[in-house]
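All remarks here apply to the structure that follows.
Chain naming follows the written order as A, B, C and D, and within any one chain the residues start at number 1.
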Amino acid sequence: MSATAVHSLWTMAGEVTSAAPGDRFTAPTIEYAQLAPVLIVIGAAVLGILVEAFVPRRARYTTQVFLTVVAIAAAFAAVVGLAADGYATKNAQIAAMGAVAVDGPALFLQGTILLVSMVSVFTFAERRLDPASHGNRVDSFAAQAGSVPGSDGEKAAVKAGFTTTEVFPLALFSVAGMLVFPAANDLLTLFIALEVFSLPLYLLCAVARRKRLMSQEAAVKYFLLGAFSSAFLLFGIALLYGYAGTVSYAGIGDVVDGSVQQIDPALAGTMGNDALLLIGAAMILMGLLFKVGAVPFHMWTPDVYQGAPTPVTGFMAAATKVAAFGALLRLLYVVLPGLTWDLRPVMWGVAIVTMLGGAIVAITQTDIKRLLAYSSIAHAGFILAGVIAASPEGISSVLFYLAVYSFVTVGAFAVVTLVRDAGGEATHLSKWAGLGRRSPLTAAVFAVFLLSFAGIPLTSGFSGKFAVFKAAADGGASGLVVVGVISSAIAAFFYIRVIVLMFFSEPKADGPTVAVPSPLTMTTIAVGVAVTLVLGLAPQYFLDLASQAGVFVR
Amino acid sequence: MENLIALLVAAPLLGAAVLLCGGRRLDRAGHWIGTVLAAASFVIGAVLFTDMLGRGAEDRALHQHLYSWIPVEGFQADVAFQLDQLSMTFVLLITGVGTLIHIYSIGYMEHDERRRRFFGYLNLFLAAMLILVIADNYLLLYVGWEGVGLASYLLIGFWQHKPSAATAAKKAFLVNRVGDMGLSIAIMLMFTTFGTFAFGPVLEATGDTSEGKLTAIGLMLLLAACGKSAQVPLQSWLGDAMEGPTPVSALIHAATMVTAGVYLIVRSGAIFNGAPDAQLAVVVVGAVTLLFGAIVGCAKDDIKKALAGSTMSQIGYMILAAGLGPIGYVFAIMHLVTHGFFKAGLFLGAGSVMHGMNDEVDMRKYGGLRKFMPVTFLTFGLGYLAIIGFPGLSGFFSKDMIIEAAFAKGGTEGWILGSVTLLGAAITAFYMTRVMLLTFFGEKRWQPDAEGHEPHPHESPKSMTIPMIVLAFGSVFAGGFFSIGDRFVHWLEPVTGHDHGHAPVSATTVTAATMVVLVIGVAVAWVMYGRKPVPVVAPRGSLLTRAARRDLLQDDFNHVVLVRGGEHLTRSLVYVDHTLVDGVVNGTAASMGGLSGRLRKLQNGYARSYAVSMFGGAAVLIAATLLMRAV
Amino acid sequence: MNPVNYLYLAALLFTIGASGVLIRRNAIVVFMCVELMLNACNLTLVAFSRMHGNLDGQIIAFFTMVVAAAEVVIGLAIIVSLFRSRHSASVDDASLMKL
Amino acid sequence: MSFPLLTATAALPAIGAIATAAVPAARRTAAKWLALTVSLATLVLAGIVFARFEPGGERYQLTESHAWIKDFGVRYELGVDGIGVALLALTALLIPFVILAGWHDADPSPSSQLRSSRGGPNETNPYHWRPTQGFFALILMVEAMVVLSFVATDVFLFYILFEAMLIPMYFLIGGFGDRAHAGSDENAAAQRSYAAVKFLLYNLAGGLIMLAAVIGLYVVAGSFSLSEIAEARADGSLDMATSTERWLFLGFFFAFAVKAPLWPLHTWLPNAMGEATTPVAVLITAVVDKVGTFAMLRFCLQLFPEASKWATPVIIVLALISIVYGALLAVGQRDIKRLIAYASISHFGFIVLGIFAMTSQGQSGATLYMVNHGLSTAALMLVAGFLITRRGSRLIADYGGVQKVAPVLAGTFLIGGLATLSLPGLAPFVSEFLVLVGVFSAYPVAGVVATVGIVLAALYVLVLYQRTMTGPVREGIGGMPDLKVRELAVALPLIALLIFLGVFPKPLTEVVNPAVQHTMQDVQKKDPQPEVEAAK
């Protein structure tokens, strides 16, 4: 549904004519083919709900997993198909009456999101890590999210072997929102997409099997702050609408760079009023920066990452960032290019504090999940450096970085799910001491991920960092590069700390054990490692992909 | 013929390699291998010598180019030898005395289970010393220069289990290193000045450069010479070097190595001729050391230390002579050779005495040994007469010539130098007489040692006495042989050049004066040590005596200034490195951690405060954007 | 009447809502303040829609209500479960995770 | 397209590393032999490279070039010049000795065997802790990276290796500490990981600053290929602004100065060398650090000649400080390995001095110095290691009179020491003297100051020898066994090489000289004329 359609309807209604309105009514056109990825996922999600309603409890898990995986695979296939038809390059276009853009960045990011979701869903479906309770295999989600922790209801639910299979449709909804988010071509779609992928995430945070109090707390914090930020976003949208009289990116863009001359005098007060534009833009930016977890809008990140069930954390950390940065890119490049020079200093500031802040605070973290949260903040800073580059090279470098980062992140959190003791996952760093002695392979894999985060050459992290910094330097942001380099040095410190802990310190007697996962999680981790090494050694192909996809349609 | 030159070095080098790598299986034959190879080297030297005599004075120099050592752009360092009369003189001295001392050592070191290694080191020394004197460029000379340093280090510290020996060895090497610094700087200066450091080109091109450059080079060479030849201010190591086995003291620290400095200066004559100031410095050093060594020699009760002082003083003579320029070069070398004979002889004698006295070195515990060791007494006595310059013996001629040359320098300078040399001669006579009297005359003063062994003085075995006898011959006749018809002068002139100068006083006068001071010196010594019995425990003595016993406090100075100062410096630097240099880095890391800790506090877990930060952020964002537009 | 006044009102409401979020402890109240902010947005949208003479703003307002409703569903679900497990709906009590 | 010899030389140890790591836990000895064979095979390949290299020929020979990452303008470009080939040979030569010397260093200590035999976690996972395999695999991995970095003619490729080699080194330092430590196990472990982290962070920081410069270089030059940049400079199509060039130069130089290490960035070295096992210490100072000085010669001077000349005075001063300061600190050390570490700092001062003297002798000397210092330090350090493993202490004070009980050990130690104080006749003398002459002809004062280093070197070496080897036999020393066959196999070849290269350095100089002439052209410097010729 698009606002412009309605607009035309209104104007016609405004005329005084005696003709029957029906034949003047032009039905909106929807290019279903081009929206296929989104539609597939949403359809599957709806189906998932029905499954919850009608399929017997025993069969739900399998059905849901099957359904989800198939849906995501199909959606990915659709994305590939679209790309193959050249929608990513020559015949990129606006679909659904200008609501959604089908172009390079959109497809690239959708592809990334789908793949990442796929591997994340594997970790959702993992049921071998926790010891079976009452003969039922259990995953990392609460038996019955509604039941009070520690209550008889909960015990009963566990005994009955309930599982929260709703997570799968929820994840699918969220994915659907994420697919639309970077493709959104008008502010309304942007807002809706944001909510569509945020709301399920709030819930997913709340349904951990272990440490439920923390899980719920995380959900509350995430939800309240998320709603708060989306309120800002919405207000920004309202202001921009007031400024331009339209919410379509192209329309606003035109007004911003002043290609619209005749202004209805009645509107002179608002139309083209820069105050509206600037405030609105700033508020929307804030909404998006909240999602990418940039300082000072980052404070939800550590708590939520720590509290949420680890598979969800991985999914959230990876996919949300991809989607949000995609939207941010489109907003900056399509709507506000005329504003680059006004926003640049602000963005510089945000990027710098984000890089440094994330890296510095991470130094003293003691919980692996919080550590990774802060590292994700620092990385958001690096990516911002690429965003600011304001050049096609900048776009493609960001796309590449996102792809790299998301897989490593999912892999890392997957490893975190393996290290467990009596209380579930042993996320306190002290527990990780001497892991390298106990199970060298797990430790080695995690070390690879950490090195990639740290951007050590021959890992994908380095390729990404190099691409982004190079773009930034080309775009005249050498200052950001220097800061980035410094904060990388700082960041190296805490990644190294973890490696030291794993390999150089003696294992504790009551140390955690490393669970042997099912092929599902193994796949997730394997994919992570593979991507890390391949993109580290021979990133050329994907760089090409990213640079081909690096053009926004207007 | 010139292809033999390399063999001179090869023989002892081979010996060293075989003996040091050979391992225990060679223990029984080791000393013979060493001696034979030393002798072989001497034979080769002799052959070359006869061949050299066969040729005219001007084309006697031989040259052998082995290979290009360090070929680098604009930098040519060759391994090439040059054998002219000067080198030949040294070759004969080194190999000759060297061989004798090898033979001597067979007996002297008989009871040392590491004798094989001792001979290995001796051969190593011979090889290095020969390289030093037959090198045709300063860099190769430098190789020999440090080579002998190494050998001396190994031999002084041969009894490594004695901390004193190890320390003495280290000290010798370090002091020499200071000198070597001078040599290397001199070589660099030559390179930047002449673009080469081969004797030929450098010494010919001295005319093309400024006197300043030459002076600089000269002074650096002098520094080197001071190190190697134990001249003030770098003399401190020689006394301690007596920790080494006596044959070592005889060969290295009396006859050959310590004279390397003289060789260096004489060899570089052309440079010094061009740099009067440098020459003056040389002369001064020589004069000072001459007296310094003599005075120290007077005060020591340790026979070897006394002889060491004398060596220092005698080399002072040589350096002084060398500093006089063309007038003195020849006589410097001549005194060097004669001194090689009699000082080696004296040391071997001292060794023989110690051998007979359970390695007792304190002369006050000797006395009246002439009866027990006639041969030693005889040879030692001849050496004694030679060194004090008794008419007709070697020392007489060589030293007399130097004294004359000193006067012949002319001017006040000449007078001063002349009188210094005369004074030196007097003191020499005094302390040598003292040694003689304390050791061989008077009553026996030795007592049973700690374990109650009464030493049984006895004559040393043939292997030791024969070399002593041979050397005694040398110390008696060498001087005369050289001087008759100025043989030595004519022999060396082509290399060093010679100039008779104009003595303000006639030669006869000088000789007479020398005789007078000689008699005085002997007389005083006899009065002090000959007439009345000598106390076993040294009396406190005058201030000068006490100072002299402590090497005129020069060691104390070194200890306080260099050693202590150095220790403090290093200790404080270690502290600086740890606290400052390292501290800065650790400090940054720590402060980073502290900052992190403080920032962490912001993450206080309250959703509302998070909201505050978001709200504030938003406000800043908006404000900044508006501000940007405003400006 | 000048529609701009509506904007001022909206801004006022938005600020009230925001400060409510910052000040109030009870999760429900905080949440209501968020809703207030959303309403402020709606008012803005409608006002602008009126000024521009096109319907986009109003359409968006409808969407916003829907979204807000959805948010209420989820929000209440979470807050209620939190309340049941802690017997308190204070956002400040929920501070297990910090630093 | 001929056989990619250089790639092979680098690939062989890399493959060997993987193979070694794959050897099952029980077959420890097999892993050792495998590693040794691989390293020897690599040595053979290196030998072939050395033989195939024609001193008079092209600047870069045996070149290989393949597209790699187009978007970053990165190519996989290899080529070896005289300097590279010399260091390549050195590396390939030293690794077998390192492996041989470390033969038992990574055998699991009784305690750790106990740990792995203890139940619990190890039952649940199929992989056992395999320190020995890891140790030798890591060494080979380092070799592979170092070799490749010596022949990389693409700045980016070099940078990647420069950074990547930190990781295996880091694990070598932190994972396999010196058994002979002062204090308790925990204490030692703490010091060790401190040293490892310090090593990594110092070098990583340097590397990251270099990364900024590398990116900057690309922005300016649009290429990473040495040859392309050189051409662009030649035909004037690329002229950096003076300030830009200086910034980039500083970025590069900083990284190399940390690696070298140059005062005041040196403090990581003593910790690393002190805590690491002796073979690893040798690996650090004799092989890996050489990459730093090599890179100064290859990249700083070639890419930023003007800036290099601009920075020369400061760098000369820093180098002089390193020389004297390092030597003095060496004198003040109580720990044998730290002493050698500080000695190395002093020597690296000489190398840097020679490089930035920008005279033929200086740079040839510096290059030879890299090789010779590698050999001499290896000899001294490894023998010291044998000594330390015997007594189980690194403190000089715990030794004395060793030469009485173990004369061969003492002898080899002494020769190593004499090489370190660059005694004429041993290899280091040649290089040290060349450096001195080179410096002196350009900066006389600096030359004179540097000669002070000679004296100090004698001081710390002889003091060390005197305190450990001479004097009465201390308790704990008596009955100390002399060198075994394996240890002789390490010490003797090194000593032979030291002597050979000291007497006949021509094989090295003739490959190095042309390369040095190229560098001299890069910086457009002429050797100062001797005064006499100048006069004529």
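Throughout what follows, a contact is a pair of C-beta atoms (placed from the backbone, for glycine too) under 8 Å apart; a residue touches a chain by one contact, two chains touch by 3 or more.
Source: prediction; values computed, not measured.
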item	value
Both-way neighbours, i.e. chains that touch chain B and touch chain A	C, D
A-C or B-C - the one linked by more C-beta pairs in contact	A-C
Label of the chain whose CA centroid is most distant from the centroid of chain C	B
Rounded Å distance, chain B centre to chain C centre (Cα mean)	97
Cα-centroid distance, chain A relative to chain C, in whole angstrom	24
Separation of chain C from chain D, taking each centre as the mean of its C-alpha atoms, in whole Å	65
Chain centre separation in whole Å, for chain D relative to chain B (CA means)	37
Per-residue multi-chain contacts in chain D, two or more chains	201
Residues of chain C touching at least two other chains	18, 21, 30, 91, 94-98
Two or more partner chains touched - positions in chain A	220-221, 224, 228, 232, 302-303, 493
Contacting chain pairs - touch in the sense defined above	A-B, A-C, A-D, B-C, B-D
Touch list for chain C against partner chain B, complex	18, 21-23, 25, 30, 91-92, 94-99
For the chain B and chain A complex, residues of the former touching the latter	589, 592-593, 595-597, 599-600, 602-603, 605, 607, 609-611, 613-614, 616-618, 620-622, 624-626, 628-629
Of all residues in chain B, those that touch chain D in their complex	20, 67-75, 139, 142-143, 145-147, 150, 153, 157, 160-163, 165-167, 169-170, 173-174, 177-178, 180-181, 184-185, 187-189, 191-196, 205, 208-209, 213, 566, 569-571, 573-574, 577, 581-582, 585, 589
Contacting residues of chain A [partner chain D, same complex]	436-442, 451, 456-458, 462-463, 466-467, 469-470, 473-474, 478, 481-482, 485-486, 488-489, 492-493, 496-497, 500, 503-507, 511, 513-516, 538-540, 543-544, 547
Complex contact set, residues of chain C against chain A	4, 7, 10, 14, 17-18, 21, 27, 30-31, 34, 37-38, 40-41, 44-45, 47-49, 51-57, 59-60, 63-64, 67, 70-71, 74-75, 77-79, 81-82, 84-86, 91, 94-98
